[in-house]
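Two complexes are shown next, each including subunit A; its partner changes from subunit B in the first to subunit C in the second.
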Partner chain A sequence: MSGMDVEKVTKRFGNVNALRDVSVHFDPNKVYGLLGSNSAGKSTLLNVIAGRIFANEGAVRMDGVPVPENDSALRNIFLMSETNLYPGNMKIHRALKWTAKFYPDFDEAYANRLAAEFKIDPNKKIKSLSTGTRTIFKIIAALASNAAYLLLDEPTLGLDAENREIFYQAIIRKCTENPCTIIIATHLIEEASVIFDHVVIVKDGRIIRDESCEELLRKGREITGSASAVEQFIQDKTVLGVESFGGQKTAYCLGEFNSLSVPEGLRVSGMNLQKLFIRMVHSQEEGI
Partner chain B sequence: MQLVDQIEYGILSGVFPEESQVPSTAEISLHYGINPATSLKGINQLVDRGVLYKKRGMGIFVAPGAVELLTEKRKKDFYGAFIRKLVCEAKRLNLSQEEIVSMMDRGFKE
Partner chain C sequence: MKRNASIQYQLAGWIKPLVMYYLFMAAYLVISLLSFIRNSAYPDNTGLGISSIYFYYWGFDTMIVLFAIGFFSFKSTFDMLIQNGYSRRKIFTGGMLAFLGISTVTTIFDTIVGQILNRWEGMGNDLYYYGAFDYYLTHSGKDLLTVLLPVFILNICVYMAVLASSWFFAAAAYRLDKNVRLLFFIVMPLLILLMLMIQERFFTQVSIANLISSGLGYVFGWSNGANPRIGVAVSLIILAGVSTFTLLLQTRITPQPE
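Coming up: the complex of A and B.
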């Protein structure tokens, strides 16, 4: 298994370039955070990978084999998205059985366990479900499909705090018991960051960052102190942004920091993934 | 890494005595809600430092001598972690060395 490769993919909708020459690799059995502002191109990328829409240029390959219109590859990809592909009158338990017809490794017992954990009633009709409950149903279908690639587009839409916690725990358990590649597009960056191995950031149809989550968190630093001291210190650093607060300045930087080389009077602290994300997306320099 | 800190603290405080088994990476991941790869890295770091060791097919255990190892390491880190910060803050507040020493005396007596 060599993983999933997106190679130089461009996708246009009319005059809009939703993806521009995107290349990215997804390793087997890792959890990816696919991050980006609204309409950055996250959903388009997931839809192209899953073969629901076709790229104008470029290729998607799974273990070297082209994915589009390739049934055996597509059986290994499950895309959970906002679109509801199930008939509204269908009951949850029937819909899950139906999913099993498309995904030969579907695990019904696991689906039932998840339904019990999330406390949803499998006898309800899909059209009667609230946003949150519909999300739960989709999560269950996705996880139980046991596809090698789970693409989850906003899997926490409408979920309350307790159900989000159950969701993250379910992902962790899946990773240890029956690993697969999981790509999660989410706006709840901070709380989801603990389950990411790797982070891919999309901006205006391009990938501006593709790095291990741990590496990224290690490099991101917030430096606070008097304006002159901060300016002096960040001269040779990659600066994502600077904010002033009276005579005090805070600089957001990326790079290697030796805590002993920090001059007296400056405070250096880490940045969480959400802060880093916002800074990187706002930063003018791309690809830093 | 927070996980490494927590386990070190557990060993130093006696929650995980030497030669006792620590939770598996799967259990750690679920407990702390973190990615299994991250837990594994943390555990491997402690194994590399000789704090933990793996028994094939049995799990992960606290190494004999781990408490001393961690105590020595923390003693070494003491200057950077506490004294340097303390002196920095004392200077900002114009506290003299004598005043600090007398506070230390008080601290040890209490």
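Coming up: the complex of A and C.
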């Protein structure tokens, strides 16, 4: 398995460019965080990968084979989208039974275990479910499908803290017991960051960062100190943003840091993924 | 395996509405029959006022029902199968194979019911039956067994063409904007109906309804020497045309949430 390749994909909706010349590679058996502000193009990218919508330009390939309208590729992808495509009148257990017929590797016992863990009633009709419960149902279908590529668009939508924790634990278990490529588009960056191996950041339909999560966190630094000292120190650094309060200044930087070279009086600390994401998105230097 | 699941899913969606339709028709027949027997036993008591049972155009109503179910089930079937990793082409081929099964089953059912009612009518009871394909059976001049198979095949082909048309219109509607959809599928038929009524009322020399009826007669072969083979050929041409357009539409549509 060589993974999934998105090659120079452009998607337009009327005059709006949802994706612009996007190229990204997804390795097998890794968890990707697909991050971006609202309308950045995350859902569009996932929908293009899963063949639900067609790109205007470019290609999506799985192990070198084109994905759109290719059944052998599509059966390895499960897209859990925000929008509901299941028949509203169908009961949860029926929907899971059908999913088991569509995905040959579907694990029914695992689906039942997850349903019990999330405490959902499988006899309820899909249309009667709340947003959170509907999300849970879709999570169960996705995880139990055992597809090689799970694309999860806002998988924590409407979930309370307890269910979000069950979800993260389920992802971690899946990665160890039955690994697959998982691409998670989410706005809850900080709490989801623990499960990401890799991060892809989208802004205005373009990929502005595609890097290992660990590497990114290692490079992100917050430098605080007197304004003059900070300004002098960041001269040769990639600066994502600067904040001032009184005579103090905080600079958010990206790059390799030698702790020995940090002058006295300056405090250098790491940044969490959410802060880093916000700084990167707001930064004017999109190509960094 | 996956194609089988797609066909299975599409067929499963048809069972309930078709059973309901045939139960409704059976109930109609039973109620009419009971009322008829009661009237015959007690001529003074008019009961429901049924002195004869009419079972006209059996087959046409099946076509209407098939079209309606096909049209209204398209979106949920398409969405569910797209959600579960099917290509649009496979949904289409699965649908056509499912349609073949549905057409065959409904044709078998309609033919059996038609033959029973035909014989019953022949026994001199006050039952009047006329099936959609009876013209061939009664006007071909050939014996029933010779003509039954071509008519059976014609029946399947016509039902298939109707089902394919239902998907064609549904796929077209799926692609349209909501307001345009409303205009096309509610306002337009009402306007056409109104125009037909005006035409019938004020321009009595030519009846559009009759023209449509005789046109259909030519299309399906009733007006062509009662040759079911012509009907089969015409319905296959319609089926091929409609299916091609449906495939073209279906391979371009994207799922739309409610």
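The criterion applied here is as follows: the second predicted complex is superposed on the first by the 288 of 288 C-alpha atoms of A that agree within 3 Å, B and C clash if a C-alpha of one lies under 4 Å from a C-alpha of the other, contacts with A are read in each partner's own complex, and residues count from 1 in each chain.
The rule is simple: a contact is a pair of C-beta atoms (placed from the backbone, for glycine too) under 8 Å apart; a residue touches a chain by one contact, two chains touch by 3 or more.
Everything numeric here is computed off the predicted structure, so don't read it as measured data.
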First, second, both or neither for A:13, with subunit B first and subunit C second: neither
Contacts of A:69 with subunit B and subunit C, given as first, second, both or neither: second
Superposition-derived comparison: subunit B or subunit C, residues of subunit A touched: C
Which superposed partner A:83 touches (first subunit B, second subunit C, both, neither): second
Subunit A positions touched by subunit B in one structure and by subunit C in the second: none
Complex contacts: residues of subunit B adjacent to subunit A: 25-26, 29-30, 32-38, 41, 80, 88
Complex interface listing, subunit C residues touching subunit A: 1-2, 5-6, 8-9, 76, 79-90, 251-252, 254-255, 257-258
Subunit B-facing residues of subunit A, complex: 30-31, 165, 168-169, 172-173, 175-177, 194-197, 213-214, 259-260, 264
Interface residues, subunit A side, partner subunit C - complex: 47, 51-54, 69-71, 74-79, 81, 83-87, 98-99, 101-104, 147
